[in-house]
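Take a look at the structures listed below.
One chain, subunit A, appears in both complexes that follow, with subunit B as partner in the first and subunit C in the second.
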Partner chain A sequence: MDFGSVLNALILGVSIASIWLIAALGLTIIYGAAGVINMAHGALIMLGAYSSYMLQHYVGVPYLLCIPASFVIVAIIGLILERGLIQYLYDRPLDTLLATYGVSLVLVQGVRLIFGSDPKYLAVPEIFSSNISLGFANISTFRVVVIAVTALLVLALWILFYKTRFGIQVRAVMQNKEMAASFGINSSRIYMMTFALGAGLAGVAGSLFGVLNIVLPTMGDSYVVQAFLMVVAGGGTLAGTVIASGFTGELQSVFAFITNDTFARFVIFLLIVVFLRFRPQGLFAKGGVRR
Partner chain B sequence: MNTKTSAKGVGTDSETTMGNPYHNKTAQWIAYALFFLALAAIPFSVDDDFLLNQLATYGVYGMLALSISLCWGFGGILNLGQGIAFGLGAYGMAMTMQMQTQTAENPIPPIMLNNGLDYLPFLWWPFQNTVSGLIFAVGIPTLFCAVFGRIMFKARVSGAFFAIMTLAMLSAFYTIILDQQAYTGGVNGITPPSPLQLGSFQIDPYSPAAYWTVFFALLIATVIAKLITQSSFGLVTQAIRDDAERVRFLGYSVSSYETTIYTISGLIAAVAGCLWVMVVQYVSPAQLDVGLSISMVIWAAIGGRMSLLWAIIGAFLIQGGQSYLGDAFLSTWLLILGGFFIVVVRFLPNGLASLVEAGLGMLASKPKETSFREPSGVKPVPSE
Partner chain C sequence: MKITRRKLLTTTLAASAAVGMPHVWIPGSRDAWGATLKKGAPLKVGVLFSLTGALAVPEEDSTLVLQYAFDEINKAGGIGGVPVEPVIVDAKSDFSVYSEKTKELILREKVIALFACYTSASRKAILPTIMQRDHLLYYPTCYEGAECTQNAICTGPIANQHSKDLIPYMVENFGKKVFFVGSNYVWPKESNKNAKIWLEQVGGELVGEEYIPLGSSEFGPVLNKIRDAKPNFIFSTVVGASDVAFHKQFKQEGFKVDQMPIASLTTGEIETRAMGAEFGAGHFLSAPYVQTLDNPTNHKFVEGFLKSKYGKNGVTHYNMEETYLSAYVFKAGFEKAAAAVGFENVTPRAIRDHSGGIRISDDISPEGEVWIDENNFNTWLKPKIAQCQGDGTFKVLKSADTHVAPDPFSIYPESGVCTKDGLKAPDGKIRKGVI
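Entry: the complex of A and B
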């Protein structure tokens, strides 16, 4: 257990954290703003991967352009979903959870019918498939790309939520929907936009996960629970999710270094449940009247 | 004492206002009796052992839907991790049945030998004896629910939050069972080589005996659950579902009620887990899969979570549909199920039961409509 391998584990931790975080970003937006437990998030991640695959395979779009394109495609799907179903269920949070699970069943099975259950692969530019060596630590270039994209997205979201008019409106609706409405903010439209935004972020995550793993109809399922834990542990705020993901990523890497990957996941899940026992509101509880 | 009288008041109130037989207690008990009589008639008319075995597994699913209905429909606690109690119960039973086939000269089950373990791990000790094995198989999951429920409800974790916590625990258990291959058989699980032996009596899964065991377990669980919902305890639980804060201000310990109903529901699921292994002679981490636990909620939701009987029927309908329509529609079955589920959640939050409720209500009110208009000073409080 020398210094180099510990450092390596810590750097790998950053990479794991970025994966946890990017999977949870869209959920944070949707849960934080609208209080919707979106069980279809995994299916939206999967759709992001499949849209990238389709664009790349049938249209020949270069991979780096597939990422924003997936954002747009999945955001549109999210928009349709919100208008067609979610908007009727905002005052029934448990029912949104169930309805979105139904949506995820339909989406996963629909994709399986169209594309089959055999794995698809996303091709990436040559430079991404190499390794970066920092002397003491080794990390694949693509993982660095994931970290970079995640950091960019967090920055963009921060600017969007704290520096723009739209962000102020979203936060106003988050804190008190009725009061915001009385100031002329169309809360229904805000919910619609945030849902589409959250879905789009799932699309980006999917186009990245499609490279890290293989593209399968069920690929999103495993991310849903862990993404929720990040959101819940973070308290539904952007900063909370970032910090919760950072911590758990590092912890998982360290535990995996000591024991093995599966056991590390078990310990993490258990620790989060214990943590939430003592701090049910999460790391940073948001102000406001919801809940 | 005070709780008793107030509970009585509410009960009689809704009883005298009926007109809709759906809300009539006597009518409800008659419906339950007819349902179980129909189930009891099945072994006499079915000669196919395979079919009987399949129907027994439906009975187990019915028990699971019942447990969800009790916890979610009546307690307002959405539990997406019922697979924990079900799975742990199933593993306990499988371990018991496995140990029954181990002899003195061959005391170590093959899953351990195959994984390089040449002694019986301490985790397996209680299951060497059938009686203690069964006690542990039901007791451990129940204890888990009591402890976990107490921890969560004391911290006032509720609603969707609790649902996610149960989901997290379920994933944690799934992961650890998958990981600890030498103790649990890993992804392959445990396949006990012979049926459950109770004393000198062997319960062959493909015999009416297995069906009757499941039948009586379902019957007893349903009657107990129904009695619970009609007791004053059940009424307080339902009040917590509707407005936990108000009940807390009335001086009730909300977390104790929540923990109790959650634990009872877990106990039923644990028994269902035991019966499931008795019927299929097999257990694997798939019993703790997130999908299965959410399916249990779907059964109860489509049937009608506010009605124990309809939750059971929901499980029968969907699992039956899966077996029979699933073959015909093959890959589109999940599509149909998902779509159906969305429609039910969106338009029929109380499931198919609410159709029956509305239908019976119309039948009952039609002839009396003119005369019943005025004197309805005893209208029940509208439920939200």
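Entry: the complex of A and C
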């Protein structure tokens, strides 16, 4: 066990953490702000990948522009979803769970009908399909891109939530919807915006995962469970999700380095269960009134 | 509901009559769960693959190619003068649905045989039902072996055939050190046991062995271990979506295909298309079939299939070709059974009993002549080693000189030898239906 290998495992841990985190960001916003358990999150990730595929394949948009474009497309889909369905269900959390699950089935099968069930392919610039090597430390260029995009998004979200008027309104609605409304905040509009924002973030994740992984109608399924784990372990706040993802990413990388991948997952899930046994509200539970 | 004395009386009478004279109420066993064949009525076969869910990628192709094969057979006059009618059912990538629908196909649809399954897990889920009804399963893909049922026919390579040439070839051309990577389930583990035997025979060295959860897309830790172990080549039994992620991340992490290629049992045309040819180029595949095989039968198959309404996915690959063959093995088996016992008396049992030794000649089989083993009902075939080219097609570098015999218990000699009637243990005892 030499120094270079350990360092590589730690660097990889950051990368794995960024993947877990970017998958969970959109869910954190939607669950944290609107309290909606969004089972369609995986489907929204998948839509992000398919949006990029569509833009690249039929319109010829370069990959780097596909990422923000996917954000916009999936955010619009999220907006339609919220206005058409979710807004009627805010007082019924169990119904949102079922409704969003139903939506995810519709989206997955809809994509299958339109694009077929064979895997699609996202082309990336040549520079992204190689690695950066600094002596004994190695990391693939695309993993660096994922880390950078994740960091940018976290920073942007932090500014949005803590430095802007919109952020104050969101946090007010999160704490007490009725009270915020009585101060003239249009809570329905806030919910709509946060849901669209969360959906858009899932879209960005999807357009990145399409390069790391495979573009398939069912591709979101594998990310949605780990995204939920991060959100629940983090307590539904942005900081909580960031720290939970950081820990699990590093733990997975280190355990996989010492033993193997299967065992690493086993340990992580076990640790999360034990953690939630003693701290069911998660890492940083938000204050105020919980609906 | 009030129970009157009269109602009670009639119910009891009816019930006791049913128990006393079962043949009045329950049709004879052959009618109940055998197929009832009538001259002139189409021949029903069950086609049970996943059209939705995680397994849809390979299994949708299986369904499409079977439809193509049956259309082709029907156009040429059907089987014994009647057309084949495939009953297509979606198994939804759910193992409980596989076994449920198997019962439905046998009991309600009264099919004469089933074509089903891609994964070993689903095969093991439906085999008990198939054996209980003494029915017949055509399993049209590669698997690990170590089974000896009297109710299945397999048209793909099993573990002892699959890597037999690949490992010596790679050791000779790239070096002795190899790293095994596989998905974490039964087939990769059994395949790797076989591969280790071939590796030992040529004096190779295993420098690492890693298994990844099925469906996982995170190969960072494994690739770091490979970087440290410095093998000469990687032997991969990673399947499905993970396989695509593995090849992509291999290149993204800076590995060079000419210095450390991946020799895979699964990365065919459909996978290379999904990952993009630049990620697949240079890697190796062992399979009995690739799309670019240069023979008239294959040209006809590829052209005919891609032009047909079933060719929408744009490729033919080894799994599809093995599935295509299974339709013709069924045709030959049925015709042989019909000639022996008469068309109307053909049962799944009779087809299986007459299928041993059936040859599919090279004017039907795109991979060249193959035949069904008379003892274990797997297929004699020639595995080929192919390398992925820059355009995503495969170029055959080496084909086995002779057909390789299927031997499902090659690495478990203590279990015995698979014969027509069951697994014959070294002490002479025969066990039926070993799964």
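The rule we apply is simple: the second predicted complex is superposed on the first by the 290 of 291 C-alpha atoms of A that agree within 3 Å, B and C clash if a C-alpha of one lies under 4 Å from a C-alpha of the other, contacts with A are read in each partner's own complex, and residues count from 1 in each chain.
Here is the rule we go by: contacts are C-beta pairs under 8 Å (C-beta built on N, C-alpha and C of every residue); 3 or more make two chains touch, one makes a residue touch a chain.
Being a predicted model, the structure only gives us computed values, none of them experimental.
In the overlay built on the shared chain, the residue A:Ala99 is in contact with subunit B alone; subunit C does not reach it. Legend: residue contacts after superposition of the two complexes on their common chain; A:Thr262 is shown touching both subunit B and subunit C. Look at A:Leu216: by the touch rule set out above, it reaches subunit C but stays clear of subunit B. Of the two partner chains placed around the shared chain by superposition, subunit B is the only one that A:Pro280 touches, whereas subunit C remains out of contact.
Shared-chain residue A:Arg112: touches subunit B and subunit C both.
With both structures placed on the common chain, the touch criterion links A:Met54 to neither subunit B nor subunit C. Residue contacts after overlaying the shared chain place A:Thr141 against subunit C, while subunit B stays out of touching range. Shared-chain residue A:Leu270: touches subunit B; no touch with subunit C.
In the superposed pair of complexes, A:Ile16 makes contact with subunit C only, with no contact to subunit B. When both complexes are aligned on chain A by C-alpha atoms, subunit A residues 109, 112, 221, 260, 262, 265 touch subunit B in the first and subunit C in the second. Looking at the complex, you find that subunit C touches subunit A at residues 51-54, 56-57, 60, 184, 210-213, 215-218, 220-222, 224-225, 227-228, 241, 244-245, 248-249, 251-254, 270, 273-276, 278-279, 312-314.
Within the complex, the subunit B residues that touch subunit A are 78, 151-152, 155-157, 159-161, 163-165, 167-169, 171-172, 175-176, 178-179, 290-291, 294, 297-298, 301, 331-332, 334-335, 337-339, 341-342, 345-346, 349. Taken in their complex, subunit A has these residues touching subunit B: 37, 85, 88-89, 92-95, 97-99, 101-106, 108-110, 112-113, 221, 225-226, 228-229, 232, 260, 262-263, 265-266, 269-270, 272-273, 276-278, 280. Subunit A contributes residues 5, 8-9, 12, 15-16, 19, 109, 112, 116-121, 123, 128-131, 133, 138-143, 209, 211-216, 218-219, 221-222, 252-253, 256-257, 260-262, 264-265 to its touches with subunit C in the complex.
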